[in-house]
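Paired with subunit B in one complex and with subunit C in the other, subunit A is shared by the two complexes that follow.
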Partner chain A sequence: MRAFTVAGDLLREAAARRWFLALGIALTALLLLLLTSLRLEVVDGALAASRLFGKPLYHDIQAADVALRPVFLVSSQLVFWGGLGFGVLACADFAPALLSPGRIEHLLSLPVRRWELLAGTFLGVLALALGGAVYASGGLVAVLGMKTGAWTGWPVVSALLAAVAFGSVYAGMLAVSVWVRSAALSAGAGASLVVLGLLATHRRTLLDLMGAGLGRTLFAGLTAVVPPLGRLADAAGALASSAPLAPGGLLRLLAGTVAFAAALLAVAAWRFERRDF
Partner chain B sequence: MRPRWLWLLAAGILVIAAAWLIRIPEARPPVPRPQGEMPRFLRPAERQRMLSRLTLPADAGRTRTEVRDPMLAALSAGGARSGVVLEVNALRNSPLGELLLECLARQQGHGNALEALQRMGIDPLRDVDRVGITEHGVVVSGDFRRANWEGLLGTATGTPYGDRGQITRVDPRGEGGSALVATRWGDSLLELGDSEEGARQTLDAVEGRGDPPRPLLAPEQSYGELYGVVSGADLARTLGGSDGWTSALVDAASRVEVHLDARRDVALVADVSGDDARKLEDLGKTLGGALAMARARARAGGDEDTAELLGFARVSPSHGSSLSLEVALPLEAVARRLAFCRGEGDAGR
Partner chain C sequence: MPAAFAVTSLRKRFSTRLGRTEAVALDGVDLEVPRGEAFGLIGPNGAGKTTFIKCLLAISHPDSGEVSLLGGRPEDPRTRARVGYLPERLTLPGAWTARAFLASVARMKGLAPGQAGLDALLGRVGLAEVGERRIRGFSKGMRQRLGLAAALVGTPDLLILDEPTDGVDPLGRVEIRQLLAAELARGATLFINSHLLSETERICTRIGILSRGRLVRSGTLEALTAVQQRWRVRFAAGPELAPGPLLALGFEPVEGGAWEIAAPDAPALNRALDGARASGALLVALERASRDLEDVLTEALAAGAA
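Up next is the complex of A and B:
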């Protein structure tokens, strides 16, 4: 429970930051722009004509939800990769700020366990990521739904995948910050995890291109545990665009990503418990 | 208070769980990695085999000190540039040989060459030790005491030459065929060539008369179940075609030494040497790139078997004037590839 209080504090701190204010304003402006300027009369007209004449007027038209699939696919990729990039940059200094001299001593004097401080920070950032992703994708669904009458909740589910992916990256950033209190290093760790996640996506192909040796063994070991972010992004895209998806595979992937994040948090907690302030 | 190491224990368990959960499930068991080492030198058994084959040529009036392997001497006669030796006896007793025999057994009853030879008193699976091929002809060594030469060559005896040699001219059996010259050396060596001059050169080389020919293969190179030396031009001719690959091969490689080990899994080493180190280096990089591309293409095309097999091939970078190509094939993979002729249900897969 105390971890949620810490998370709430972090959200209040985020609300006061210009980065997140700017993101909120930019997303809202983009959605308003789409709402007021998108010309979807072609889809609207085709639907109306079908209703009016009782049969399709043109045989080469598509249903609105089918026509919008590529839009949802692209937007899910924007939310996924854009969210990862923005999150790595914007959240890099939360943990270093938490550990800053003066503040950490104050926090440790409160009746909060050390691991609860870490968990609260992580949950706060995760809530930020979830909020941003759901706001962006939900807003797009709402705009397009109002314009075309085609409503779907899958883009929002796909945004949740993006938030889970960012959670695994932020866990690594948090663990690095506990060792070295540096926002730059934290951002570097996040960027490295994103790159490793991309490499892990194409692990087998890349391993085929490598000769046997220490480098290959290291690469194989690293990419065996880092979540393949590209596969998660593909799954998010498939969900958003209502493409076929093997549900068992996605659940395993999600569970593996959560386990990876939890492992990094456990390492961070181990280090945080040992550290003197 | 909770012990701190519990966090590390939890992290370890979670990492293992993550690796297990995110791994891409294999659609089928991976091809087992080939066992054994690449044929790079004479192993003890092969050294014994090599030493047992060396003979001291008996040249009347001269004291000879050099020893020679009659088969390798016969292959070197006439200045051959390329020659490959197949250790039939060793191959027959290997797992790969068993697979090949199964293939041959499936052909029984269709009038194959094996049966014909057996009727002539030569059982290729029992009496033949080695078969060597050069651009001048074929040399077969073994135990031919039971051979029906009259049935095979048309006459029981040929023109004597040297101490133990006999040369027989065999007329073509079909329209347009060319005459064949069969050279026997005792009951242990038979050469099939195309000229009597070549036959005499072979017997001179085997019996140690005159200047020894430039050796094509030294006895120390007789390791593996198949070994030999092929010139770049002959290799290009054998591979066929006149595309860029062929001309690049001829330009860069002047000689390729091949050794194949089939005692368990199949391992092939091809040492390519050339005069132009730069071209050889380019050839090595090109071959390595082609292998990588083929692997990626096979993987992209869903041909996992081929992709994994290509993973067992590698090109060692050239050191000066030579580079090395190593290919390993697990016996199971070879068995699968030979399934088509062994009559198994999953043939071709």
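Up next is the complex of A and C:
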């Protein structure tokens, strides 16, 4: 399937971009800093003392895995919201660059179907998001695991939720790009979806505060279909910090997010198939 | 064997988002080009040449009409796998190396990009030394050569080249002509869209002239440039060459010291030549008079406008 070839080429293109090089270097530097500066003393599975740059962090003696929960909770939120923000900015140009005059004509003359080009672009960006999220969370788990002996895979699973959330946002960015080839509009669409996703999280509360009218109906309609990103972020935090989570609720949330992305991709593919270049 | 490409009643108009027609790019074009030919499409700016190519490759969707490409449909990836295309203004990924770009095109065509094959391709277009250099540092001519190399990936049966020598220096143009001649010799069909008539004339054996979306002339180069019933003669220079008798016989002086005469058939031509020789003129060359492509284009456009 040529979509994977397109995705591979997108990853090669990303590797040559400063945005992604800077992210890779920043994450690696941060992990190395933690690895060299964080001192954790574990006695019989309990965190007896912790120091960062020589300064004490905790005074209470706790089981190492319990002590690490808040760390994983914060890091999961950083990966989720930081990843969304970074992704919206850094990936806004991929589809417009693909559709640029002189490039899209060449691509469409090759034996690749239009939907494969679109799917490949989406898969490539999704792979980038997954890679970034797993690298950041996996690196943190590895550093803390080596220092405490408490190993857990949940922060990585939580990072996968962040990648899924970004996938739904990027599907909207891609759909907008197929209509209007503009990196700024693509980024704007992504940012709008993030804000709408936050509003959708508090939909019921906000609707209660609104008076009846067109604005309320519009808000109700929009927030009914946009994935509630805040709830996804909460779920990611709960997973990372081993907090209890209703599995049925998470599955429904994920299914809704995936359906939203699939619907946007279908609209984008419909438009792309009919468009002249 | 099916034609390299054939279009029937091809129509394409461009309209605004509100549905108002802005321009008719192609207005019922019928054209068939046999395989193994070098076909050149010429015409003024805005005649619809690039739109024609885009419709041929399903990059744009025609409003109506039939398109057949190498006996198949252009929407079919298997058909497009046998086509090499160089767009008019190819945008290349600047951060990639030339070799990486060609490898990507090869993968898209379902081929395994081998190092030796890519090097050979780069060598054919004169970029062997810069295969590992990033494209953003390439000159316009180098980019054009790389685009041509991309079109050649997978030894396609049909090469569609939109302004292939644009930005290329004169020596490079000669190299590209030689490369295209080699492609033609191996059996590929060439479709060249160029505003350089001399280039088209040197490479192509068959010409189509597009004006305002209509194909106003089409045929072999020989047939289009030949002037029926007219002959060009050259006499040896010297004191025996008297213009008076030649003018009386119906010869007309043309540029380069040659003469032309209108003769409806062979006996009439021979009578005129006998008369010239009798007056002392010594015949050294005789050929059918022809026009260059520029004359043909000018005449076709004038006829189309009338």
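In this section, the second predicted complex is superposed on the first by the 258 of 277 C-alpha atoms of A that agree within 3 Å, B and C clash if a C-alpha of one lies under 4 Å from a C-alpha of the other, contacts with A are read in each partner's own complex, and residues count from 1 in each chain.
Heads up, the rule we're going with is that contacts are C-beta pairs under 8 Å (C-beta built on N, C-alpha and C of every residue); 3 or more make two chains touch, one makes a residue touch a chain.
Nothing here was measured: the structure is a model prediction, and the numbers come from that model.
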Given the alignment on subunit A, is it a clash or a fit between subunit B and subunit C?
fit
Please indicate which partner A:P111 is in contact with in the superposed arrangement: first for subunit B, second for subunit C, both, or neither.
second
Would you sort A:A16 into first (subunit B), second (subunit C), both or neither based on which partner it touches?
second
For A:R274, is the partner it touches subunit B (first), subunit C (second), both, or none of the two (neither)?
both
After the two structures are overlaid on chain A, angle v-u-w for subunit B, subunit A, subunit C in degrees (C-alpha centres, nearest 10):
120
Based on the superposed arrangement, let me know which partner A:P228 touches: subunit B (first), subunit C (second), both, or neither?
first
By the touch definition at the top of the document, which applies to A:P101: first (subunit B), second (subunit C), both, or neither?
second
Contacts of A:T205 with subunit B and subunit C, given as first, second, both or neither:
first
Least CA distance subunit B-subunit C after superposition, rounded to whole Å?
9
Looking at subunit A, which of its residues have contacts with both subunit B and subunit C?
274
Going by the contact rule set out above, which residues of subunit C touch subunit A in the complex?
54, 57-61, 77-78, 80-81, 83, 85, 87-93, 95-96, 100, 104-105, 107-110, 147, 150, 160
Write out the stretch or stretches of subunit B touching subunit A in their complex.
4-5, 7-8, 10-12, 14-15, 17-24, 292, 295-296, 299, 307, 310-311, 314
Spell out the residues on subunit A that touch subunit B in their complex, using ranges where they run on.
115, 200, 203-205, 208-209, 211, 224-225, 227-228, 252-253, 255-257, 259-260, 262-264, 266-267, 269-270, 273-274
Name, in rising order, each residue of subunit A that touches subunit C in their complex.
2, 5-6, 8-9, 12-13, 16-17, 100-113, 274, 276-277
